[in-house]
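Across the two complexes that follow, chain A remains constant while its partner is chain B and subsequently chain C.
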Partner chain A sequence: MIKMEERMVRIYVMGKEYRVPAGLTILKATEYAGYRFIRGCGCRGGFCGACGTLYRKEGDYKLYTALACQTIVEDGMYLVQLPFVPAPKAIYDIEKLKPFGEVVLSFYPEVARCVGCNTCTKTCPQEIEVMEFIQAVKRGDLERASELSFDCIQCGLCAARCPAEIKHYHVAQLVRRLYGKYLAKHSEPLKKRLREIEKSSYEKEVDELMRMSQEDLKRIYYSREIKV
Partner chain B sequence: MKEIAYFPGCTHLHTASHFERSALSVFEALGWRLVEKFNWICCGTVHGLSTDNLMQNVSAVRNLARAESAGARRIVTNCAMCYNTLKQANEMVKRDEDALKNLNEFMDDEPDYRGGVEVLHSLQLLREIGLDEIEKRVVKPLEGLRVAPYYGCLLLRPREVAIDNPERPKIMDEVLKAIGAEIVRDARLKYCCGSYHTVDRKEIVLSRIDEIISAVRRRGADLIAVACPLCEFNLDKRQKFLNKGGLPVLYFTQLIALAFGKEEDCLFEKHHVDPRPLLKERGLLR
Partner chain C sequence: MLELIDGYPKYMRESIEKVEETREERLKTSVPPMSAEEREKILKKFHPDYREDSRRRLRVGPNAGDLVYHEVADILEARPLVDPKEIDLSTVDYEVDVLIIGGGGAGTVAAIFAYYEGISPENILIATKLRHGDANSMMAEGGIQCADSEDDSPVLHFIDTIGGGHFANKPELVKALVFDAPLILRWHEELGVMYDRNDTGHFIENPGGGTCRKRLHSAKDYTGMEIMRVIRDEARNIGIPVLEFSPAIELLTDESGAVSGALLMNLETNEYIVVRSKATVLATGGFGRLHLQGYPTTNHYGATADGLVLAYRVGAKLRDMETAQYHPTGAAYPEAIVGQLITEKVRGMGAMPVNAEGEAFVYPLEPRDVESAAIIRECYERGKGVKTPTGMVGVWLDTPMIDEIHGEGTIRKHFSAIWRLVARFGIDITKDPILVFPTLHYQNGGVEIDENGWTGIEGLFAGGEVTGGVHGKNRLMGNSLLDYNVFGRRAGISAARHAKRSSFRELTLRHVERFNRMLDEAGLKEDKRAPILLPDYRGERVLARSLKIRI
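What follows is the complex of A and B.
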C-alpha cells in the first residue's frame, strides 16, 4: 500500500507552496489548493482554449506552456492562473475582402516582422506548426495557413510569447474565414441538403423524432450508420 | 562649481567604489561636480559590444538546416534577395563556428546545421548547365531585341557573395546573348534600385529608377531584364509615378522561356508596363 505522503506532490501557486495529490491536472490541483477559476477555465476537456497557462519547474530555466486542464502536475511546478491573453482583433467585413496574403497583412502588418525564431511553435499546446502558418501567410498561401492552423483553439499563448508581437490566432482566424469563404471547395451534397431543409422536406421525419421517447432516441442514435 | 551629468555605471556602487570616490574627489578639486541627473540603467555592454547579433540569421540558417537534413547539398533560388540573405548567412556560419553553435543551440527544434549546403542563384546554375545547352533549346531567338541586364546590388555585393565580378558582371549578359538578345551595357545597371525605401521613401526609388531607365533608354534599350522581385517592383510597378512612357521590365527567365517557345509560361500580363505590344511588333509574340 502506498502511503498518502508519497502520493502528494509540492506545487507553488502564485508563489505559495501547497501539497496536492499526484495525478491531478494543473487546473484541478489549483482548485484543490483552494483557488477558484473565474476566467481561464472552460470546457475542462482540452477543446475550448480558455485555460492556456504558463509554468516553470524547479531547477529549470525554461518557461513552459500548457492547457491547465490537460497537463498533470509534477513535483516542484510553479503555477499561475492566466485569465486571458490580450490581443486586439481587427474589425473587417468579410464580404468586402479578397483572399490574398496582402489583405491579411493589411490588418496584421506585424506578420512581416517574423524572424523565424519558432517560439510560437514551441509554445503551442496544440502542437500546431504556428511559425509555418505565419510563414504561409507571408507568402500568401492561405490554403496552407488554414490547414496548418485548423486545430487552433485560440488560447493565445503564442501571442503572449512572440518577440515580433504577432497575434497569430487572430491572423489564423481571418485566414480561415477568407479561405472558407473564397477558396475552399464547396460541398455540392451539402448545398443540396440545405436547400431541402429550407423547403421543409424533412418535416415529417423531424416530427417523428420529436414524438419519440428518450429510450427510442438513444437506440436509434447508437445504431445509426456513420460514413467516414 | 561647474556641473556635468554623470553616468557612473554598475561597477561604481560596490566593486569599483574606489574608482568613483577618487574620480569625484579629483573633479571636485578642479571645480567640477559630476551629478547623477537621470535614472540611469546598465549601459548594456554585454549586448552592445557583442558581435553576434544572430537573431537576424535564424530564418536563413533554419532553411539551411532543413535543406541539409533533407539531404540537399545545393539549393538554388531565383530571387536575388533570397540568394543574398541565404548565402551571407551560410558564409557567416561557415566562417564562425561559435555563431553556428549558438544558432544550432537556439534552434533546438531543428536538426543541427553542419554547413554542408551550397547556395546558388539560378543564373549560376544556368552558367553551369552551359550556354551551349541554352542555345540548343532556342526556337525563337530574340534577334534585334536590345536588352539591358540589370544586376542591382544583391547579386554582386558584398563581394564575398557576388555571383560574378562585382565591377564587370557578365553572367546575365551571356545568358541573354545565348538566346539571341543584343546586350545594352551601362554602369547604372549595377546601381541599387532603392530597395525597401519603396515602402516609406518612394521619392528615393523614383529618382533611382528615373536615372537607370533614362540611361538605358539613351543607349537604345528596348527593355530591362531583372533577377529580383524587389527590383522588378521598383523598376516596373513604380514607373506608374514617372509619367515618361513605359520601358518594359522582365525577369531574365521570362525572356529565356519566350526564346524556348514557352510563351504560355511567361505571364507577361503581370507587369505594369505591358511588354506585349513591343514583343508583338518585333514578331516575338503572336
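What follows is the complex of A and C.
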C-alpha cells in the first residue's frame, strides 16, 4: 500500500470536492473529509450492506457501484451513498409454504418480468450472478438459486437499478429459507443428541464437573484427548 | 508509489518465498499445543490483558475497586448524556410488555422467543441504534459450536469452554450454553438456515481454537450473516416492531429501583422518546469500538458498550471486565482492511501461522488469547514479523495450505468472504498467504446474569455480548453465536414471563441523579459523557476547526 502522506486524491462527495489521502477506503476518506456517519455505515467489514455507493469517474461514462468500506478511493470519483432502498419484503409464514418456484413467484410476481438486461449482475458489489439467480428461480431450481445468492449482503443496489422492479435480495431470502428448511437434508445425529438431552443423559456428568475443585477440573482439561 | 506484485511489494514477496519453501515440510508436522505452564507464562508476558498500564480500578458503582481497561473505566465513570431535569417523562411514547434494547442477534432472538412465549407482536418493541441486524452477529464468519457428533458430547463442550475461559466462567451459564446448543441448531434448521452439510445431511464440522473435537458448524465463512438474516426475516414475518436509529441513552426506574422502561434518542432528529415496559431486555453488544489500547477492531460501527453504561447506572453488577479478547488473526495488510477479521476457520481447516523466515512457531489452534500472545511474541520479542509499508508488523497465515490439504477449490467454496476481502486488493489467498496480527474482537465479560438471563435488577434481563460469565476470561470460537442464541432466547422467555405477572411502573431518572451524586462524592470532575453511541473517525484537521454552532 501507499503511504498515506505520500499522495492526495480528489473525491467529490455529492458533487463537493475534498482532498483526501490516497489508499483510504471511500468510507474512511469521507470521514477524513469531515463527515460523521449515522446512516451509510454499518459493519465496516463488507458484511452488512449499509454502505452501498454509486459513483462515476471523471471522463468515464459508466455508473459504478461499490461498498464504501471495501473500495479504495480513486482520483476524480463522484460519490453518492444509497443507504436505504425502498423495497417491500413479502410477509409469509414459512411453516405454511412449499418449496416451489411458483410459491416464490406468488409473493414476488415481478420476477417473471425480468428482461434479462443483466444490470443486476453488473450492479452487485459482491459480484454475484444475480441475473442467473433470477433465471434459476424462474426455472424453479431453488437449490441453484440458493447457492448463487448465498453471498448476498442485502445492500439493495440491484433492486434500485432493476428496470423490471424486482427486489432480488428479498426474493433470495425467501428462496434460501425454503431451501434450507425443506430441500436440504437435516441432521439425524442432531436429533439424536436432542433426544438424549431431553432425557437428561449428560446432566449427572456435568453436575459432577460443576461440583469439582478447580484443581481437578484443570487436570481433566489438560489431560483430555484431542481428536481434531 | 510502491510497486506491487500480485498485491504485495517486492520485499514482502521475498518473505513469501521462504514461506513457500517450508510449506511442504510444514504440511507433515505441527508445533505441539502448550502446557498449562507455558500458556500462563506467555500470556503474562505478551497478552495485553496482563499489561500493568492498560487498566485501572473503578472508583464508583457496583464494581468499585475492580480492575478494568482505562477505556471501559472512562465510560463507566462518565456523566450521563442528559440532565434529568430537562426530560419530561409524563408523556409516554410507547407502552409495551417487553422492550428489547438492541437489534442484533441477541435482541432479535429475545423478541422472537418473547412472541413464542405468548406476547403479541404489538406488545414487543425492539429499539436499536442503527438498522435492524447492524451488529457483530452479522459479521461472525467461522461458525457456531454444538456438540452433536457421535464422538462429541455436551460434557466435552463444557470442559473446553471452562478451560478456555481460565476456569473463571459461571458454571451454570456454561451448562445452559452446552445443553441448549442442539435445540438452537434444530431451531435454525426449522427456520431454514443453510448450514454446510455432508451428503447425509449432517453438518460439516471443523475444530476451533481450544476445542477437543470438531464442533464448529458453519455456513461458508458467512455464518453470522446467514443466521442473522434468517432470524431477522422471521422477526419481520412475525411483525415485531423495530425502532431503528433510536438507541437507548438511559434506562428508566421506579421508586424501588426496578427498571420500568427506557429513554431513547432518535439519532436523526435528536428528539427523545419515552418507552414504558413491564420487562426490558438489554442486548446492546460489546465494546470493540472503544479501541482498547489503541488496537484496531473487527467490530461493528455501533459496538460502543452502551449497555454496560446503562446497566451500571441502575446498579447491575458486571463481571470479568478485566479481560478483552484479541482475535489472533486480524488483517495487518493492506492498510485499508487492517483489523478486519480473518476467521479462525482458516486455521481450523489447516492454515498455519508462519513467521517472516517461513517457520511455524505456534500450534495453530490454541485458545485465542494464547494464540494472540504467541503472535505478539513472534513480532516483538523475537523480531520475526514482517513489517508493512505503513509500519504494521504481522506474521503470515499460510492459506494455500487449505487447498493442499483438502483439495483445490476448497478455499473458494468455504471462504468466499475472506477470498473476496483481499481479492479486492489483488491478493489471491489460494496462492499467497495473508499477513495478520491480533485485533480487538470481543468483550469477554459484561453484565452478570443468571441462567435465565436475569441481571438481578427487577425488570431487567440481558443476553449476548453485553453479558458476562458465559466465557469467563476468554471466549472460544463459535461460542458467541451460540451465546446470543441461547441467552437471547432465555432472556426473551424470562422477560415475557415477567411481563405477564407484572404491571407498568412509575418512570423516573432518580437513579441517574443518584449516580451523579456518587460521581460528585468520589470527586470525579471529568466532563466525559456516556454512552458514546458512535465512534468519531473524522479527520484531525476537520475536528480541530469544528465549530460548536447549532443550526
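Going forward, the second predicted complex is superposed on the first by the 182 of 228 C-alpha atoms of A that agree within 3 Å, B and C clash if a C-alpha of one lies under 4 Å from a C-alpha of the other, contacts with A are read in each partner's own complex, and residues count from 1 in each chain.
Convention: contacts are C-beta pairs under 8 Å (C-beta built on N, C-alpha and C of every residue); 3 or more make two chains touch, one makes a residue touch a chain.
Given the structure is predicted, the values throughout are model-derived calculations rather than measurements.
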If you stack the two complexes on chain A, which partner ends up touching A:Asp151: first (chain B), second (chain C), both, or neither? second
On chain A, which partner's contacts cover more residues, chain B's or chain C's? C
With the two structures laid over each other on chain A, which partner does A:Ala50 touch: chain B (first), chain C (second), both, or neither? second
In the overlay, answer first, second, both or neither for which of chain B and chain C A:Thr121 touches. first
Residues on chain A lying within both footprints (that of chain B and that of chain C): none
What does chain B use to touch chain A in their complex? 55-56, 58-59, 62, 106-107, 109
Given the complex, residues on chain A that touch chain C span 1-4, 6-7, 23-25, 28, 31-39, 41-48, 50, 70-72, 89, 91-94, 126-127, 146, 150-151, 153-154, 173, 176-182, 184-191, 193-194, 197, 202, 205-206, 209-210, 214, 217-218, 220-222, 224-228
Please name which positions on chain C make contact with chain A in the complex. 1-2, 33, 35-36, 130-131, 133-134, 136, 138-139, 146-151, 153-156, 158-160, 162-163, 167, 171-172, 175, 178-179, 182-183, 185-186, 189-195, 197, 200-203, 207, 211-214, 219-220, 222, 224-226, 229-230, 233-234, 236-237, 239, 245, 267-268, 298, 300-301, 333-337, 340-341, 365, 388-390, 416-417, 420-421, 424-425, 534, 536-539, 542
Which of the residues in chain A end up touching chain B in this complex? 114-118, 121-122
